[in-house]
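First comes the structure, then the notes that go with it.
For clarity, chains are labelled A, B, C and D in written order, and residue numbers in each chain start from 1.
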Amino acid sequence: MGMTKEQIAQRIARELRDGYYVNLGIGIPTLVANYIPSGMSVVLQSENGLLGMGPFPFDGEEDADLINAGKQTITTLPGSVFFDSAMSFGMIRAGKVDLTVLGAMEVSQDGDIANWKIPGKMVKGMGGAMDLVASARNIIVAMMHTNPKGESKLLPACQLPLTGIRCVKRIVSDLAVLDVHDGVFHLLERAPGVSVDYIKERTAGTLVVQGEIPEIIF
Amino acid sequence: MGMTKEQIAQRIARELRDGYYVNLGIGIPTLVANYIPSGMSVVLQSENGLLGMGPFPFDGEEDADLINAGKQTITTLPGSVFFDSAMSFGMIRAGKVDLTVLGAMEVSQDGDIANWKIPGKMVKGMGGAMDLVASARNIIVAMMHTNPKGESKLLPACQLPLTGIRCVKRIVSDLAVLDVHDGVFHLLERAPGVSVDYIKERTAGTLVVQGEIPEIIF
Amino acid sequence: MNKVVLGADQAISDIEDGAVIMLGGFGLCGIPENCIAALVRKKVKHLTCISNNAGVDDFGIGLMLQQRQVKKMISSYVGENAEFERQLLSGELEVELIPQGTLATRCLAAGYGMPAIYTPAGVGTEVAAGKEVRTFNGKEFLMEMAFNADFAIVKAWRGDTQGNLIFRATSRNFNPLMAMAGKLTIAEVEELVPVGELDPDHIHTPGIYVHRIFKGSNYEKRIEQRTTRIR
Amino acid sequence: MNKVVLGADQAISDIEDGAVIMLGGFGLCGIPENCIAALVRKKVKHLTCISNNAGVDDFGIGLMLQQRQVKKMISSYVGENAEFERQLLSGELEVELIPQGTLATRCLAAGYGMPAIYTPAGVGTEVAAGKEVRTFNGKEFLMEMAFNADFAIVKAWRGDTQGNLIFRATSRNFNPLMAMAGKLTIAEVEELVPVGELDPDHIHTPGIYVHRIFKGSNYEKRIEQRTTRIR
């Protein structure tokens, strides 16, 4: 039931527009790059200092000096630019990146996001996540609607330590596409074969359902 | 009586040390470059975005893209670097420039300096002067001791609009070398043939004279 | 996605009366000559111009001053410019003088999304009037706000069709800073190359900051102070 | 004036116990391998290390952690590092986690003589604890202070004998920022060239920021996540 990670990425890719500069987080967000419509110019920003991230290198052509923010070996594309970390977060902070896609452990109906720390577990650090969520003009969260126990991750208020407040604009989960504004979740689309009631049951925060909710078609 | 502009520059050049990065203002300060001891490595910073300013170009070799802060055509030297104006004033503000030499209309015994504006006259602007005086670790002022009317330009307090406060460390005038600290002028050296009394008479601010004051030898 | 426009007239076509525009350059070095000419042709008026200098009487921003297109200049040094002086004294022109490093850093702040910066420049002077003074480690600083300009117009040496820019020598000056600071940034370049021709390690301004680009023509590159030495 | 030193041991010879040092690099990319090895050899202790990451167990800053040389890490992400985790849990190691953009910008502030900067990163989170929150144009920002580090140790691709540096690809990352931020800056380079060989338009870090430079050797340049695609 619900969308696969690839389908979530595919659905998010429909939010891309020609000329967009996009920062894709680790995990499902990275998969979005595979679904950029051909002919559309989308430039990927990697916050360690690159605009124009290309695909992984061919085996044997890895360059230790050329990695992405996930520390993976990558390649450049024609038009790529390198810069330092201050400029990288400068362009993020100045709102020059059109879209940021990242994962989350929890999102609240106020648009708060928690994705960096679980009390009692070893903390690895926020990396660039706090900068990205606080700065981006447009944030889409790619996430599972519930945790492995079946508990909703779309909450009235986040339980985990926050990464940022009032910043998430849209969520694409395995079950639905939702907007976050005016202090509630708004259901926009259903995953194939998923009913509105099924989504309601798995959304702990206030969910507004207005009119017919279309099913996502792939 | 007193030193020529060239001699003032020559005396200031004795303050240079090997490895210094130096910003020279327009006028007498510019002449200091002619007296850098041979074999000494002194790198000139031009605040419009150059480290390693070279001499004027040969006739016919002027490059419109290569000017100094006085808008004069110049040349580079081996090791020169270009950068933008934010980095230029960044390195100035961070105290990376070892010595700043600039002119002044008035200096006070508190180390205040006025060199950008005369009330009633057309104002041209402060350019980079306010940044330089507020930021430099070490400032030497090159100036005439008196104005054309014979009035002292070393004052208890500046009369003209200020460029910066409590910043001037040393003055090399046509008559003397003086340090500025603890709210008074300290006479260090006399220009050739100039008596201590002659300097005293032409210094409106408090002048401290301790011990024998040596004459500058060229 | 096409950032390449035909020329200066198209590039500045939506700059309307009353706009706040940044113009790169230091003196006459690295100024966007083509766009200035187009602004003069467009006869757009009541402009607020943020530029380190105001050109000379018959070149650079001086050409716009002659046509009385500028309401306010925000500069660090307005130099020798008779028409400028006349308009200032007659009250036709408003001038805000700010320290050069403050000018540069307020551009950087805008380009890096920092609302304000602290600088010691101007503490204790008339520049400090009305500004917050704050002490850090025993030293006083002024709080200065990031610029907020509708348009930035810059001149680069080489650029590619994605808007990546490389500047040459001291014509770099304020250009990359203003390129980052404008809400809409226009770049004119001496050489426009296909994407991929610029070394990614050598690009000064990433194309993300540039919205329109064109190959300028007939660069005069006037020299303000021609100083030479004898062979 | 000679900035060129023989090697890493000489370059770091005056780094004493308790020093605050910045180390460039992102993950294992662009880290000063030679200087880290020399710090391990010198057995200098109680260090505060400002670096985006803490290396892996057997490489990078991880080598210094193994020798218990680090008192405190200031990083944005400390990743998978078992020894790091053990020392943290046992209380041997202190860790301050700060957002990556804040880390970068606090370096920039130090290098540009700005005592503090404002960033929205961390507003409303535990990162904001004890920090000044200030609203500009309706948005909240945290005031973050410039770093104050005794030493910065960076790795560049090419450098000249005056300390001018050029970085390569994404190994640039924090290196030019830390180079500007250190009270004393040490650069190790893959290629050390005579002055005049680097194009003045292509230099990322002007030599004014660099106090010591040497040609490093035996670069391992370990890859943390070797990801490839099939031909």
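The rule is short, and it goes like this: contacts are C-beta pairs under 8 Å (C-beta built on N, C-alpha and C of every residue); 3 or more make two chains touch, one makes a residue touch a chain.
All of these numbers come straight from a predicted model, not from anything done at the bench.
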Shared chain contacts [chain A and chain D, defined touch]: C
Chain pair with the higher count of C-beta pairs in contact (B-C, B-D): B-C
Rounded Å distance between chain A and chain C, as computed from the means of their C-alpha atoms: 36
Centroid distance [mean C-alpha coordinates] between chain C and chain B, Å: 29
Euclidean distance of C-alpha centroids - chain C vs chain D, Å: 33
Multi-partner residues of chain B (each touching 2 or more other chains): 76, 82-83, 86, 89-90, 92-93, 135
Residues of chain D engaged with two or more neighbouring chains: 105, 112-114, 119-120, 167-169, 172, 200-201
Overall pattern in which the protein chains touch one another (line/ring/star/complete/other): other
Every chain pair in contact, whichever chains are involved: A-C, A-D, B-C, B-D, C-D
Touch list for chain D against partner chain C, complex: 105, 112-120, 136-137, 139, 141, 145, 166-169, 172, 200-202
Chain B residues touching chain C - in the complex, by the definition given at the top: 46-50, 55-68, 70-74, 76, 82-86, 88-90, 92-93, 112, 122-131, 134-135, 161-166
Touching residues (chain side chain D, partner chain A) in the complex: 26-30, 52, 75-80, 85, 88-89, 95, 97, 99-105, 107-108, 119-127, 157, 167-177, 204, 221-231
Residue ranges of chain B in contact with chain D within the complex: 18-19, 21, 41, 43, 45, 51-52, 76, 78-83, 86-87, 89-97, 135
Footprint of chain A on chain C - complex, ascending: 1, 110-114, 160-162, 164, 180, 194-196, 200-201, 203, 206-209
